[in-house]
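Heads up, the next two complexes both have chain A, just with different partners, chain B and then chain C.
Then we have the complex of A and B:
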């Protein structure tokens, strides 16, 4: 992306982030045109950066003081060090759960309001998708070092592992049914063996990702949610111990990878 | 009823005191699953209750002892209501069912019915190329296995309940779960076996 173009984009991004929801669709399209051939992921990062700085909620505060694990206000490298245990919340959190935590604590927003639309669609992306993309982008080039020492971190890993192999849902699937053997496909999609470091690294170092098939930025919470949908289970609760532990398990399998997201996927 | 009560008591304990031991027990995992999912659309909570097949395969990491597997497979086979008469339906309709992956998800309308999504895992019919490879190729299945009563019965029961032959198979139980109707399964039998089906051309 050319530098001057980037400045124009940033200005546009600011206008976009500040616009009322109803006006966002057409602005999004306009914006997409401006970005042209550049990766649509970049667009989400730019809008996310503005949303990060935007004052919102009952406390009229931005997320700039959010502690993503490296201290208040430090975003650089934070995504690559998640999930981890947070003493203030007394739980293991992934990036999205921590962003939500900051919306609640810094901005004074209710969990219900902030979580109204955790998954957006192509016409109307969700706030979380922008924010997650922005936070992730600040870890580009960092080694992935999820928390592995606190007892709750160890427990999250073990629970995630047990869940990965647990048969459930109407179709008797476990995650391993589709991600357990090398060289398999569903339809034309290659299925990574997510219990193995190699394929786990390739997969996990590039989420969140702009999915061309959805024309949309998708997050890790969405990915786990969507695989459970294919498994014909009820819906896992967003940010629950089940989902966060699964993300912990997958990320620990990928540890040591150089983070390179947000990515672009099929 | 009794298990429900125990589950409720266990859930209460979990909420009060998050465990810190590293490896959760089988029972803990099941309780956490029931706590952290919510019914949505047609996907009700009972889909999380493990039956004997899911339970044994989960506990044994998909490698149950041979004698245990044999005994449960036999029970699964005996429970399949095999219709009398020919099991050969209409291969044209079977093709539709085989190549549709729709149905049974929380965002789908149950009134619209379901497909088998067989193509997600199997190569079927030489003319189609967008297929998965989790299961073996079923191309020319009728040519290889014949299309007589025994072959029909095998394919019907395999689709109805794949676990009757291979306890920890990765293939869903399309009849047992109520995903496909008797007629849909007969149509699939025809799609795989009928000499006139494109699968055998």
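Then we have the complex of A and C:
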């Protein structure tokens, strides 16, 4: 009896080792679903909404008149239509770059001051994380329609695409090294193939996101920045053409998705 | 200086399903800061839920609960439109509350 018990155990161990990746994927998906219901992301939205209306900076102005691409003061659906080209700034901007632009123009703040702390921590989230969460929340249910017609928008897409596949840095990694083929993961996190519409939609429609494991709201600028950190490249400049083009490429891949953020991640 | 709270309550059959989000650092007292000194305990100790002003749930809570916790409760006998108030009290004596109506 004892021997047969052992055999069963051994078999069980084998079965576990050989369990298809699909079973693990579904566990991860189940977890994502569980943490997604009533997420603390909503708390960041509430604080962000207050910050949006708060008068500050040398001009003592709020961000309420900010033109996120749908006209001054229109926040509804704006996030889902970004990134896009803005003639006033003569560049392609993602949501965060545009919020920063409004801090500079409407509130009269210096770029340096407004960008002093773009990424916060669990004890003290950054102003941008709150604001980005709020702006994103106002696009819940909107179809994602990044700008794709202006020559600069096309250029950003092409640059982002080239960067996605360009191998660089200490490890000679490209984004595609991790996000280029299906079935890959880091620890328990599935790695989406971001050059494909399906996985790109699932990913891009849920950023920015609250990260349960470190209790923080993480933005898209952070996401790209941190991927480059993991690839051991020099830190990309916040809101630079490189980062914004990458966000443009990823968002265009996800176009047509129904935006459902801010999301919740592991 | 407590951060925001958000609650919602929905009828599900004959009970109200109440969900509440709270901002709280929920420090266990086990972590050390950059200076090497332990970060003092700071966590929600008591929770209370009132239905139309009458306390229906009183609970205790420990350091084992995560930062920015989410709680859900079921309140039997609630009706649509009933007022639900949820409050917490932490070990530093700070408190916060929020209200919602059953939908």
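The definition used in the following text is that the second predicted complex is superposed on the first by the 228 of 266 C-alpha atoms of A that agree within 3 Å, B and C clash if a C-alpha of one lies under 4 Å from a C-alpha of the other, contacts with A are read in each partner's own complex, and residues count from 1 in each chain.
Rule of thumb we're sticking to: a contact is a pair of C-beta atoms (placed from the backbone, for glycine too) under 8 Å apart; a residue touches a chain by one contact, two chains touch by 3 or more.
As the structure is a prediction and not an experimental result, all values here were calculated from the model.
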Chain B and chain C placed together on chain A: clash or fit? fit
Touched partner set for A:40, first chain B, second chain C, both or neither = second
Q. If you stack the two complexes on chain A, which partner ends up touching A:184: first (chain B), second (chain C), both, or neither?
A. first
(Q) Applying the document's definition of touch, where does A:215 land relative to chain B and chain C: first, second, both, or neither? (A) second
Ask   = If you stack the two complexes on chain A, which partner ends up touching A:173: first (chain B), second (chain C), both, or neither?
value = first
Practice item. Using the touch definition from the top, say if A:243 reaches chain B (first), chain C (second), both or neither. Key: first
Exercise. In the superposed arrangement, which partner chain does A:159 touch: chain B (first), chain C (second), both, or neither?
Worked result: first
Per the contact definition in the header, classify A:72: touching chain B only (first), chain C only (second), both, or neither.
neither
### Task
Go through the superposed model and pick first if A:123 touches only chain B, second if only chain C, both, or neither.
second
Between chain B and chain C, more residues of chain A are touched by B
Once superposed, chain B sits from chain C at a minimum Cα distance (Å) of 15
Residue overlap on chain A between the chain B interface and the chain C interface none
The residues of chain A that touch chain B in their complex are 91, 151-152, 154-155, 158-159, 162-163, 165-174, 176-178, 181, 183-189, 191, 228-230, 232-237, 240-243
Per the touch rule above, chain C residues touching chain A in the complex are 3-6, 8, 19, 21-23, 25, 66-68, 70, 72
Counting only contacts in the complex, chain A reaches chain C at residues 37-40, 42-43, 46-47, 122-123, 212, 215
Given the complex, residues on chain B that touch chain A span 18-24, 26, 29, 32-33, 35-40, 43-45, 47-48, 50, 53-55, 57-58, 61-62, 101, 104-107, 119-121, 130-134, 163, 170, 172-173, 177, 179
